[in-house]
Amino acid sequence: MLLQVDKATTSKFLLRRRTTSEKLVDISFKNFVVTMASMVAIILFSIFAVVYYESTESISRYGLRFLFSSAWNPVTDEYGAFTAIYGTLFTSIASLLIAIPLGVGTAIFITENIIPKYIRDLIGIMVELLAAIPSVVLGLWAVFIMEPFIRPFLNMVHEIFGFIPFFGTEPLGAGMMPAILILVVMILPIITSISKDSLNQVPSNLRQAAYGIGATRWTTIFKVIIPAAISGITGGVLLALGRAMGETMAVTMIIGNSNNFSWSIFAPSYTISSMLANQFGEADGSQVSSLMYAALILMILTLMVNVFAQWIVKKLSLKYQ
Amino acid sequence: MINKISHNKKNFKNDSSISVSLDNVSIKYGNSVAVKNVFCDIKKNQVTSFIGPSGCGKSTVIRAINRMNDLIEGCELSGSVIFEGTDIYAKDIDPVEVRRRIGMVFQQPNPFPKSIYENIAFGARVNGFTGNMDQLVEESLIKAAVWDECKDKLNESGYSLSGGQQQRLCIARTIAIEPDVILMDEPCSALDPLSTLKVEETIHELKRNFTIIIVTHNMQQANRVSDYTAFFNTEKDGKDPGGKVGFLVEFSKTKNMFNSPKQKSTQDYISGKFG
Amino acid sequence: MDYNSKKALTYNPSLTRNIGNKALTIISALFAIISVLPLILVISYVLIKGGSYINFETLILEPEPPGDDLLSAGGIGPAITGTFIMTFIASIISIPVGVGGGIYLAEYSKSGRFAKFVRFGSNVLAGVPSIIAGVFIYAIIVSTKILFGSMFSGIAGGISLSILMLPTIIKTTDEALKLVPDNLRKAALGIGASKFTMICNVTLPAAFSSISTGIILGLARAAGETAPLIFTALFSRYYITSFDDLFYEMGSLSVLIYNFALEPYESQNQLAWAASFILVVILLSLNILSRWINRLDAFSKNKV
């Protein structure tokens, strides 16, 4: 019907009526992008499904007992992931406790006008470049440079505070403490850059209001700026926690990979990811299933942290609007 | 009401001087009704302006005429918009084809981040133009009264022009695809008075070849450029106590409306008592 | 206090609040220095120590089996090509999926339920530990021998890397397209362009530089990853010589560093340092390239 009333000009515009091929391209493109978007969902679901399916044997055999036993013996076929779970949680939380003040402090330093802007920008870029260095290179550096350097200091701590179980064993190289320190290096850029972004987003009139009533710089920072940026900072800290729990290579190279449980932070230990990296290639039979069970636990832990991070960012930022 | 609709349709079929006919159009955003029960026949090769206070739904209605409202999620239309005998909201209608016949100029000048030449050629190419492109670009820019200002810099970015020139470039871009109807949604609201005057002159020129519908918040402008005027107003929404619903108060020749409005609220509005 | 005297307004360094302020400023500066220190130390060790082992032979030779020859360990040539090949495989999978998915999120369903879920899912996927991607690919490709009976292979390695690249690309595409002003979309649709034409000719070009930045950062992340490769691509000391070799074990810089760092032989350790040098140089240049593209883009946008 539209065609009949077309003007004489129609001849100049061949596509005034859309051709079937043009419509086909349009529709197939839409179908293509929908499929691509679904891939994310499919991959995520299949990762969970595959890891769960592969670990069913171990789950039905050990149940929750797996979480509290530190037996790991391929010869007798007895497995428990307590040491690895404890190691994962302990190393990641300890590194977080060190990295939070450092990262947030750095972020404050480079968002305040204490020193000239180009130096602050340079520091910001350098911290972000630190995130670009691959884990395995940091591991190499930790094994050959950092660990030999800090060992005398750790030894000193051991000699003075050796009566406390946490420092109870002699540092002999690889162990939990160097792993914690290298994790600090790895998560520092995340905390710093996310905190920096959230601090930068605090509206400048808040700061002016505080200065206007005679608050000092640090009163302003602690009472006004940080509370306003807290949602972003918390989100960054939780993302860093997730990252630290899943971090593999550097930790595997420096933690010593031992399944014997010890309270001492100088003794060799395990994390779930280092256990996977270390054993998965050569494992077979029920050991694979147990490793998959451990992988499932790691996934659930990181998933909880990440979902909580997304939730808290939404929750806290809503509160501030 | 039903009688009115059928009457309207019959009337329309006999009358080839009508380009677009709004037939009991109501538009909702989600649950809130933006505008309701609009009946309006827009004449071919005339300028029709939509005026009214803000929130009266005039922009919503003009966007409905070439289905730009499809882009807004949750926007629903009931009733029908009839363009040259076809209900453009019928199921088998392709909105892309509708927009090729009913072009639109927007509130903010929005040239593509391409050269001035490409800004016009792109639209023509999208519509499968086969003629002489250089000629088309020149003609369109002349018709939009911006040729003199940009003939020496056709290869420069569209952003190198001033706001008023950008808006006339956007008009040229719309003219180039030779639509039947050109919709203009407050085309001068972002422009200075001098540019506004030029755009108005352009509209006068275009009237010979195109049907033009223009939304404006400026009554003098409506008075200057248009042959017909539709006045929209708002009233309290019966269901939603805080909400306002737009509706069409009066639609007549511009001369008549500004000299002897039939409704009290029209009189109040054009004499500046509210809005 | 005498408010009328000039003294009341002069800075008094012994005031508690002034001492506290100064102390906190110094502490934050100290923290900033501590945070930058590791980068400087790691970079200088890698560049100086690693760079000193770089020569022509190191770059092209195949590595020797550890312990065979205590004086020379060969080179890292196959690992360099392996890293490039697997990153390439990862990008030909993840770029179409990531950019396509991002286009869906930004252009077709801004706030639909499915789009929300996909956004949430890609955030979750970004948080999945990289080793899990390796475990996953091991379970569905390596142990099932689904790829024409081959087990550990460069292709499996590339696929596992693509899982890690995907969230970065989908997110940057989504965000870059969302920054394209809606006015441009209206302009294109207003002259009768179809959605496909609009995306290809208007919105994608406008977002191109941000999307390429995201892709480069994704590439950099994939090229440095080790954990997903150690039981999907494993390691190989040999160059690939034919297409079929893609279906066999493949070496990479990162796995070479991991394997050789833990060897007791000095010459292997030196190769690990040399490989670190190459890897860090590649990754830092990719990072600087992405910053440069961003700045160039901001500059050109200000100009027009």
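What to note about this one:
The letters A, B and C name the chains in turn, as written, and every chain counts its residues from 1.
Basically, contacts are C-beta pairs under 8 Å (C-beta built on N, C-alpha and C of every residue); 3 or more make two chains touch, one makes a residue touch a chain.
Model, not experiment: these values are computed from the prediction.
Viewed as a network of touching protein chains, the structure reduces to a complete graph with every chain in contact with every other. The chain occupying the central position, as judged from C-alpha centroids, is C. Two chain pairs are in question, B-C and A-B; the one with more C-beta pairs in contact is B-C.
Averaged C-alpha coordinates put the centre of chain A at 14 Å from the centre of chain C.
In whole angstrom, the spacing between the mean C-alpha positions of chain B and chain C is 49.
Averaging Cα coordinates per chain places chain A and chain B 52 Å apart.
Residue positions 96-97, 100-101, 126-127, 177 of chain B are each in touch with at least two other chains.
Within chain C, contacts with two or more other chains are made by residues 194-195.
For chain A, the set of residues touching two or more other chains reads 18, 23, 26. The residues of chain B lying in touch with chain C in their complex are 66, 68, 71, 73, 96-97, 99-101, 103-106, 108, 110-113, 122-123, 126-127, 157, 159-160, 170, 173-174, 177, 179. The part of chain B that touches chain A in the complex is made up of residues 84-86, 94, 96-97, 100-101, 124, 126-131, 177-178, 180. On chain C, the positions that touch chain A within their shared complex are 17-18, 20-21, 24-25, 27-32, 34-36, 38-43, 45-46, 96-101, 103-105, 107-108, 114-115, 117-118, 120-125, 127-136, 138-140, 163, 166-167, 170, 194-196, 199, 220, 223-227, 230-231, 234, 254, 257-258, 261-262, 269, 272-273, 276, 279-280, 283-284, 286-287, 291. Per the touch definition, chain C reaches chain B in the complex via residues 110-111, 181, 183-195, 197, 201-202, 205-206, 304.
Interface of chain A with chain B (complex): residues 1-2, 5, 7, 9, 12-18, 23, 26.
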